[in-house]
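The block underneath contains the structure these notes are about, expressed in structure tokens.
For reference, chains read A, B, C and D in written order, and residue numbers begin at 1 within each chain.
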Amino acid sequence: MRIGVLTAGGDCPGLNAVIRSVVHRAVVDHGDEVIGFEDGFKGLLEGRYRKLDINAVSGILARGGTVLGSSRLERGRLRDACANAEQLRRELGLDALIPIGGEGTLTAANMLSEAGIPVVGVPKTIDNDISATDRTFGFDTAVMVATEAIDRLKTTAESHQRVMVVEVMGRHAGWIALESGMAGGAHGICIPERPFRVDRLCDMVEERFARGKKFAVICVAEGARPAEGSMPYEKGEIDQYGHERFAGIGYRLAGELEKRLGKEARPVILGHVQRGGVPTAYDRVLATRFGWHAVEAAHRGDFGMMTSLRGTDIVMVPLADATAELNRVPQNRMEETEAVF
Amino acid sequence: MRIGVLTAGGDCPGLNAVIRSVVHRAVVDHGDEVIGFEDGFKGLLEGRYRKLDINAVSGILARGGTVLGSSRLERGRLRDACANAEQLRRELGLDALIPIGGEGTLTAANMLSEAGIPVVGVPKTIDNDISATDRTFGFDTAVMVATEAIDRLKTTAESHQRVMVVEVMGRHAGWIALESGMAGGAHGICIPERPFRVDRLCDMVEERFARGKKFAVICVAEGARPAEGSMPYEKGEIDQYGHERFAGIGYRLAGELEKRLGKEARPVILGHVQRGGVPTAYDRVLATRFGWHAVEAAHRGDFGMMTSLRGTDIVMVPLADATAELNRVPQNRMEETEAVF
Amino acid sequence: MRIGVLTAGGDCPGLNAVIRSVVHRAVVDHGDEVIGFEDGFKGLLEGRYRKLDINAVSGILARGGTVLGSSRLERGRLRDACANAEQLRRELGLDALIPIGGEGTLTAANMLSEAGIPVVGVPKTIDNDISATDRTFGFDTAVMVATEAIDRLKTTAESHQRVMVVEVMGRHAGWIALESGMAGGAHGICIPERPFRVDRLCDMVEERFARGKKFAVICVAEGARPAEGSMPYEKGEIDQYGHERFAGIGYRLAGELEKRLGKEARPVILGHVQRGGVPTAYDRVLATRFGWHAVEAAHRGDFGMMTSLRGTDIVMVPLADATAELNRVPQNRMEETEAVF
Amino acid sequence: MRIGVLTAGGDCPGLNAVIRSVVHRAVVDHGDEVIGFEDGFKGLLEGRYRKLDINAVSGILARGGTVLGSSRLERGRLRDACANAEQLRRELGLDALIPIGGEGTLTAANMLSEAGIPVVGVPKTIDNDISATDRTFGFDTAVMVATEAIDRLKTTAESHQRVMVVEVMGRHAGWIALESGMAGGAHGICIPERPFRVDRLCDMVEERFARGKKFAVICVAEGARPAEGSMPYEKGEIDQYGHERFAGIGYRLAGELEKRLGKEARPVILGHVQRGGVPTAYDRVLATRFGWHAVEAAHRGDFGMMTSLRGTDIVMVPLADATAELNRVPQNRMEETEAVF
């Protein structure tokens, strides 16, 4: 069997672990041939690939990023590819294609699948915003990085009687803010799923200072927005999901809090450190299992599907399900902590 | 409502996060009174406790160990307590008791529950050996510590063309060995669920050296045992589960490999570092959610139950289920990696 | 002997280790009394302090921040204090005062010393900008945090063929940028001591891309500034040292590089995470030694001095020396790496 | 110029950073040729080497171990090499040889130097036992790993009212035990330089329990030994320095303490995790500077010397000085903490 693998979209700790696992299972156990396309779908369309044997994946398990490179693809080229899917498949001699990516990648994967390419998808997103799987790899690492930052910020906030506002990733889903906020013991958590009220955040801070806890840490997702009328706010550009693009909410909120509270408030924008570097053990295990099961699915002819974590099992679910809707923080999860504003 | 909380059995990263969460939810949100018994069930039986308010749990979220202390309890005293359960409950004025512990603790909790104490259990075990929940807190931290050790050992093994045998926790269940072995990319994994064959381990090492990878790391659970006839082995004492007690398998295996292979083999016994210290973000979140849901269960009168992770949800399951059988590594999980011997 | 201790200025990992060490050495070994002033010099002037015994410093060795709190002091109040130094000393019954702080704190300490207070200073600064000591505690931790961030950013930069600009602390001295840049293998390092030329940075990036290394990481100190005429730049406010205040150089530089290179360039501003949290082992040892030697100096009557690391020894140097000039990166240190632009 | 580089002796975090730095400075800045000998002096004597260009050292800065491999050399072969030094040098076309290693390696390097090979040594030892330099790289990483272990063990010791005995590296010098013990706040520290008295350790533990601190952590160097008559002790084999070989002192001491105190005492032997894996920022900077200065020394013709840290400067010292005597913990350093027994 000849299996192609590619990584597309934003990078994510654990991508290399999937690639390695695919090669270990396919080449070593099944005697397959594995080729890796360079720079995501671009490499597929341009026929740029290299053979991946066991030496090619030696030492990459714990490495961040992706040894195959990644890129974004224009919709137009993708449509062309779908129109010529059978020819593409034949020319490359592909018996299976394993694209590893997020919402956009899986949508593209589904299109290619429906056009006749034998696809087994592997979901990845540090934001944890893909439904149809309990979790994706990369998320645990992002939460750990954000949590360690909150741990550090707490001590400096306390020493200086400050409010620290830490902005974490999450444009459409607040999972990183929710879980790192809970893990770090943030006193306020602001997520895209619930517009926050600045007056209530101020009350919380005042109440803390009043009872002698003279500091506060607020964890805000980059996609969180103030409730209407809650604070002066000019909207940014609107994206394809009808959501607003990145708008420096951490800076704005810290500024507003400082003004209202008359106390020092400092923003920290974690940014790209959340998506690079050594993956956690959890993410490495999940990524490795996804890779293994993707190869098994290919051998069973289970195409048009993607790997998915359900409880403790890896199961296959239709690619279409993965992209039907975003996995956003539900009401009952917000209520599990008093910190979501 | 007056809620008692206690921690029993071996310590586990995340215990303090549960205690803190119980206090936050019960005291702050519900206006309950929370008392913490000292040194596990001993404190309960001896009436040794202290009131826990929000200041008492300040700063403990990320701290290892347990601020309440822990201990083991003799069966005899437990039986006495059960016989006088109602009186005990009345004297302490307990409306609910939240014991946090592993298999032994939950068994005791179930006995007290059947004797009339209103109990809501919270499972903990770094070994992940409690069935009736997908995972317990503490396990992720143990796996991370073991994985970081394997990461470090790999580079030293490679530089010196050595075999490193790293022994991790897990007497009856091989989860820590399986997951840290997978995450660290160990070349061999030995778990209690499958007696290992030394000759096959030797073959694997020889094959690696033959193709130029002149080192190997083997991750062995403390409860792993050689297949019969596979290596000279004298059994240790047998415990209550019919399993053999700790027998220094890491040392024995390294010695045997060195003898058979004629190559340097070194044992590293990780020991107690796996169960102490700062919990991972994952464990802090899970522990915090368990604490929250335990309080909610108490308010609903959902007694004789324990908190349990099912997929992404926390649900309540009967205490009796938790202790019916150990959660051991099933066949299909072993097959997801070529490294289990 | 009655010894007062206080922490002033920006917080710094290791402050608590000094406090603990002072108490251990003074109270346990010498039988002294130690009092801790709250919120820096403010607590001293207002007589706000608490007794510190061995229990008061239990568990704080590895904790970030300062259990005594910190604050900035107006010059006016300090001058008043100097005028009434003897009275202040007598009222508080101080036989020695150990202020722990940076350049500003040590200047104040020197003034108090000259006014008659028996002072032994302990230097701290994450920036490493105090001369008269080889190193200060806090710096190693800041470098480690910055290095870990660069490690993570490298993999994401590489996967996406990006330039990452990471801004680290250091207003007047570039030590953190220099050492974390060297440790993380940054391709460009910009420090206040040498105005950087944007065209040379661009050449370096182009050269890397040309030979197939399609990413770059540039580490820039917050106080670094472009060489005159090198890039459009509007000066910020000028501070007491004749230096320019924080001006978001990371953002500006990333924007300029993106414009000139036509490649994605992303800024990451590490900010306060560099100064909070658990200190490294190095910083804990240095802080502990400083505390010990400060007490010994007090017992010898070695006042008007501060602790200082010289090679592997702790020696006492005049407070006046510490603040005579900033410790900035000298020419020969810049030349030890090709990365300083 | 044609420069050879090799790594010999036990591995040590930072070796790859030196190799990379040598290549960067020599190849990129000076236009030199650099060759790397495989498996230490063996590769030199057998002419096994590979050319090292900038791509060969890409990505190795933060990697543990050594990409060149290492080995021990028999004295006989070394003597032969010295006898034919000039021929060896000519055949390999070596203008300079940079061996990176510990006490044994530097002794060999000195012999080769005296026999006419143009040698610039670079010292490495995780034990910090080389005199003639303030510190060596590798040591800081080992101390950090040991300190993190002590941090973790403290919480588990406290929860279970136990004595934990953690054995760290250091056969002839107690630096790792001293500094990790100080950084981790160990209550007892035992080092080779001062035979410890078990009765005094017991007194310390009893005193702690008596005042309510019902746990203790003792950090013991592998080379620490009980004072004569202090505890039953059978000597192990004697090595070339007249010192006793590894004898499981951690196990023995824990056993003895448990017996005498009637309290649980548990040993943890950290072993090889201390010498593998990602180096700290400190070690990466020091290693990088050593590599840079070694190349400069070669270009100056400064042979028979090794790089050395003096305060904040790197200076060259005669190889002979490095091996004249071991750098052991002096009396005044032991006295800086009450914990050395």
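What we mean here is this: contacts are C-beta pairs under 8 Å (C-beta built on N, C-alpha and C of every residue); 3 or more make two chains touch, one makes a residue touch a chain.
Given the structure is predicted, the values throughout are model-derived calculations rather than measurements.
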If every step must land on a chain the current one touches, say how few steps get you from chain A to chain D. 2
Smallest count of steps, each to a touching chain, taking chain B to chain C: 2
If chain centres are mean C-alpha positions, then the most distant from chain D is chain A
Calculate how many whole Å lie between the centre of chain C and the centre of chain D, each centre taken as the average of the chain's C-alpha atoms. 29
How many angstrom between the C-alpha centroids of chain C and chain A? 35
In chain C, what residues contact two or more other chains? 151
For the complex, give me every residue of chain B touching chain A. 24, 28-29, 58, 61-62, 134-135, 140, 143-144, 146-147, 151, 179-180, 182-185, 213, 280-282, 284-285, 288-289, 292-293, 310-312, 336-338
Could you please specify the touching residues of chain A with respect to chain C in the complex? 7, 10-11, 15, 63-66, 69-70, 145, 148-149, 151-161, 164, 266-269, 271-273, 275-278
